[in-house]
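Right after this note come the structures.
Heads up, the next two complexes both have chain A, just with different partners, chain B and then chain C.
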Partner chain A sequence: MKISSRNTKNIRNNVAAYLFLFPFLAVFFTFLAYPVIYSLILSLHKVSWSTNLYNVFSDMKFVGLDNYIALLQDSHFWWSLVVTAYYAILTIPFTIFLGLILAILLNNKLPGVSLFRSAYFLPSVLDMLVVGVIWTLLYSPHFGILPNILNSVGYSNFMDNGILASPRTALPGVALAMVLRGAGFGMILFLSAIQNIPVSVYEAADIDGANAWQKLIYITIPLVKPIILFLVIMGTIASLNAFTEIYAMTQGGPYVVEFMGKIQGATRLSGYYLFEKWEAMKFGYAAAVSYVLLLITLVISLINARLMGKRD
Partner chain B sequence: MAEVILKDIAKIYKGGVIGCKDINLHIKDREFCVLVGPSGCGKSTTLRVIAGLEDITSGELRIGDRVVNDVRPKERDIAMVFQNYALYPHMKVWENLAFGLKLRKYPADEIKKRVKEAARVLEIEHLLDRRPKALSGGQRQRVALGRAIVRKPKVFLFDEPLSNLDAKLRVQMRVEIKKLHAKLQITSIYVTHDQVEAMTMGDRIVVMKDGYIQQVEDPIKLYEKPVSKFVAGFIGSPPINLFKVKIASDGKFFLISESGGGFKLSIGREGFGFLSSFEGKELIMGVRPEHVIDRIYGGIKEAENTVAAVVEAEEPMGSENYIHLKTQGSSELVMKTVGANRVKAGDRLELMFNADKLHFFHPDTDKRLNEN
Partner chain C sequence: MDVKKIRERIKKILLLTMLSVGAILMLFPFFWMLFVAVKAEGHGFKLDFVMAAPLFKNFAAVWNNTAFPFSRFFMNSLFVATSGAFMTALFCSMGAYAFAKKNFVFKEVIFWMLLSTLMIPGMMYMVPQFALVTQFGWINTYKGMIIPHVANIFGLFLLRQHMETIPDALISSAEIDGANEWQIFRHIIVPLSMPIITTVFLLTFLFQWTNFLWQLVVNTPDSLKLTLPVGLALFRGQYSTQWTLLMAASAFSIIPIAVLFLALQRFFIEGLTAGAVKE
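Right after this comes the complex of A and B.
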């Protein structure tokens, strides 16, 4: 009697808990779990433009791992990975470095610090598309500010084509825009981490004989390492997913680079390539691309966490 | 080994806020000097000035034989122990100890030797591979001490190092720091707000208030002859009893009566001649709790000069008993008596004050007036 009454109470509690969870679970399963699983199924099928996507059992044709095998032989895909790696190398270290420098500068008690803090953070609130369009204007031939500045110091190469039309400068150009956009976010994280380090730790270091540089190397950086790890992982994911900035600034071009016997886009990152495949209605193939990217993200994140966490 | 000499040192912050001012101190070689006072009295500022963590606004600071006003902390040859330990959280204990030596480019053998030696002295050898997070408060404080002693500095600076420890550990570490000082014989300057720490540890005590030094004296003299009401009230636990009294004279004796109406005492002129210039005026009289005697418990049959008081509460400590009382003139006072002397709230006692140990303070300047 006693036990059963306790059981009913437990069940009632559980029901109440699930009722409270329901709104979240509904959204989660509809918009996250279902698409994730569905895209895995998609990646194992050949799906044509005429396929009814809402009917899994319609004319989708199961092809096993064919999409994945095709992917391994796709020079455009391999190239997109190469460009993505390059993009990651251009953006992640510089975003972190710049964020850290800004945080250290803003950690000083200087007049107007809060103004600068807001000013540096603001770009990361802006939509990437907006940032991309603004930088496209800054980089554009003839009237863009940057080509004009370079022209005034005697470097006229970008006046006719702009910065984004040259295969060597297109991706660094995108990366610069994104570094400046993203540094503010890292800055805020670094700033809060630095402000959590007790002042007395720095004073102890002063007395121990550390100069400003040694305090940075031996105290600040080790103590903000979790933030660095976080930013590396977030940066890796952002690079593998990078789409908006490419869509806004270069559409994957200029298409002038030769790789594995084919012409490639100098800024066709893997995220953008995925979009192109989807746009071309090769849904199964696009899903396979996204799964390979997911795998790469997981592996890189795990390696990062191992490397950074090893000493703790 | 070094003297520390502060000459007219002042630290004035922006907006004219006084950190400390007119600080004149001559801390002798190997001395253990304690700066004590309530929070905001300038004791930590003074210590930070000595450490070089704060700029000196004016005055001259000497450590050893050189003026160090503009010398950076690392070149002052000092070591400091902080209240929150300030250990490097990401470094293991031995890295914490070795950090200062490494930065000073000591050879690896020497670093190893010194770290081992410090760890042995402080009994933290088994903790060398741990990080500060994995240590208890007392262990962290030992590591902080270790970090100070490995460098063999000329001067140790302690900024309330025991405040974050629990009461029992604090007493234990107090003794250990004293032992360490006896062993190493390094000039030490110790800041605390705890007068018990000050009394038990200091060769000399510097009492500070509102940025100024009130008195510099060895603990016993400080206790027996405080220069002012503030010092008298700050040093001693439970604190000194203070009464507002009126002074009169019948030619042979001084008559001291509680201002609120209550006890009346008559004391002989010897040693209290200074009272004659205050006849008809009000003064502050101070009596330490141990100089208040319960007549009946003391076995004194008859006595003049008794003070009637009602028990309000008692704090039995075992070996002694603090009895809180109220006089007829509504002054509150504490009597310190032996632990066996127990009372109840509401009990009426006849108290006697040890006349030799009465202190008189000027009502306006708070200065002590006694001649000796």
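Right after this comes the complex of A and C.
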């Protein structure tokens, strides 16, 4: 009797739990879990000349691993990985560095600290497309404010073409805009971590005669290391995801760099390349690109997890 | 006056100067946007002070533009962000309650699946999600824009973490009083989790408001459901040199979020820092 009542309770609990979970799980399985498999299936297919254009996705031609073989020989894809890595190197360290500096400056007793905190954090919640469009204006030739400032200090190289039209400065230009936009996010995380460090730790260091620099290197940085690692992971994912800023500022250009015998876009990141393949209706190929990028993400995450495990 | 006090004073002034210079640099693009948005036609590209007359002429021109109706884009953005945020907050709270307070079969498996999906960059979902939405006939619809993103795993974890701290005694005493499952959720769990639910709501609102790629993918250019960022991108394709109008249009996207953020930043900061501390 007792056992059966416990059983009914158990069943009722299960039913209730799944009723509460149902809306979330329905969306999760349809749009987040299933696409991981569906993407793999699509990557083995191709939109061909016989595909019914009103029903593309159920009428693609099976081509086996052809998309992946083509991908391995695609210089544009390899180049996009190079540019993505370069973008990650340009953005991640500077975003972290700037965020940490701001957090350390804000960790002083000063009038208006909360005002400064809001000012620094605000750009990171604003629309990335809009931020990119504004920076395009700031960078533009002849009338853009940055080329003009550089001109007034005797550096006139950017007056005719602006900053985004030169292959050397285009990606750093995008990166600068995004670093200034994103640093506030890191700042908030660092600030909450630094404020959790007990004052007594610093006081003990003072007694031992440590200067400000030593306190930074030996106390603050080791204690905020988890935040740094978190920001590295987030930054890596953001670089692999980077699309909007490129769409807003350069559309992958300028197309003047030569690599593996082909002309390449100086800022054509893999995320943007994937979008271009989607736009050209090469859905099978685009799915293959996303699958390879997914594998790269997994490998990087594993390496990160290893590094974290070693340090602890 | 002793030397120590003077040194403190100098340090303070130096710090404040550095912080002010930094703040001006980081906010400069937004001031510039507002400045260009109130300049006279044809002067957006020039370094002068010729202002529009009346001052907000560009805003009115963009708001009432017939080919690119930013008033319509604004309403679409507002609708998509609000309903997306509401559904996300509701679904995540319900799911989080099950995870925090109930035992069910496959709990560990589902939890593990959610956790591993968290690491996948969103860009990788573009092709398969587009294929699904196309097959459902959801192109150029609000549901196509909203529903694929309402299963917010981060939001569910954030809420679960909080709901685990609600004492079981509260739930069992309500059960004894004859409350059913939904009443327990509605009258005990939800009120006690309101700050975190608000955080999830606001973060999703922000995400939906600023989301560009998905709204671009799921709408054709002639769609009536375009949101502000997509409308701005199309507008720019047509009027790429009209910087005064472009910046006025940009301001429609930036200003509401800036106001919302400044008014409610406690919730934003709590949610964003909770995510990192968990890692």
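In the analysis below, the second predicted complex is superposed on the first by the 298 of 312 C-alpha atoms of A that agree within 3 Å, B and C clash if a C-alpha of one lies under 4 Å from a C-alpha of the other, contacts with A are read in each partner's own complex, and residues count from 1 in each chain.
Definition applied: a contact is a pair of C-beta atoms (placed from the backbone, for glycine too) under 8 Å apart; a residue touches a chain by one contact, two chains touch by 3 or more.
This one's a predicted model, so the numbers in the text were calculated from it and none came from an experiment.
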{"item": "Clash or fit, chain B versus chain C on superposed chain A", "value": "fit"}
{"item": "Geometry of the superposed three-chain model: angle at chain A (Cα centres of chain B and chain C, steps of 10 degrees)", "value": "80"}
{"item": "Partner chain(s) touched by A:L223 [first = chain B, second = chain C, both, neither]", "value": "first"}
{"item": "Touching partner for A:Q214 - first (chain B), second (chain C), both, neither", "value": "first"}
{"item": "Greater chain A contact set [chain C / chain B]", "value": "C"}
{"item": "Which superposed partner A:F116 touches (first chain B, second chain C, both, neither)", "value": "second"}
{"item": "First, second, both or neither for A:A266, with chain B first and chain C second", "value": "neither"}
{"item": "Partner chain in contact with A:V201 - chain B first, chain C second, else both or neither", "value": "first"}
{"item": "Contacts of A:A103 with chain B and chain C, given as first, second, both or neither", "value": "neither"}
{"item": "Shortest span in Å between Cα atoms of chain B and of chain C, once chain A is used as the common reference", "value": "8"}
{"item": "Doubly contacted residues of chain A, that is, touched by chain B and again by chain C", "value": "none"}
{"item": "Residues of chain B touching chain A in the complex", "value": "51-53, 72-74, 78-80, 82-84, 86-90, 99-100, 103-104, 147, 151"}
{"item": "Partner chain C, residues of chain A touching it in the complex", "value": "13-14, 16-21, 23-25, 27-28, 30-36, 38-39, 42, 56-58, 102, 105-106, 108, 110-112, 116, 118-123, 125-131, 133-135, 137-138, 140, 142-143, 145, 148, 177, 180, 183-185, 188-189, 192, 226-227, 229-230, 233, 237, 240-241, 243-244, 247-248, 271, 274-275, 278, 283, 286-287, 290-291, 293-294, 297-298, 301"}
{"item": "Touch list for chain A against partner chain B, complex", "value": "198, 200-201, 203-210, 214, 218-219, 222-223, 225"}
{"item": "For the chain C and chain A complex, residues of the former touching the latter", "value": "12, 15-16, 18-19, 22-23, 25-27, 29-30, 32-33, 36, 44-47, 90-92, 94-95, 97-99, 102-105, 110, 113-114, 117, 119-132, 134-135, 147-151, 153, 156, 181, 185, 206, 209-210, 212-213, 217, 228-229, 232-233, 236, 243, 246-247, 250, 253-254, 257-258, 261-262, 265, 268-269, 272-273, 276-277, 279"}
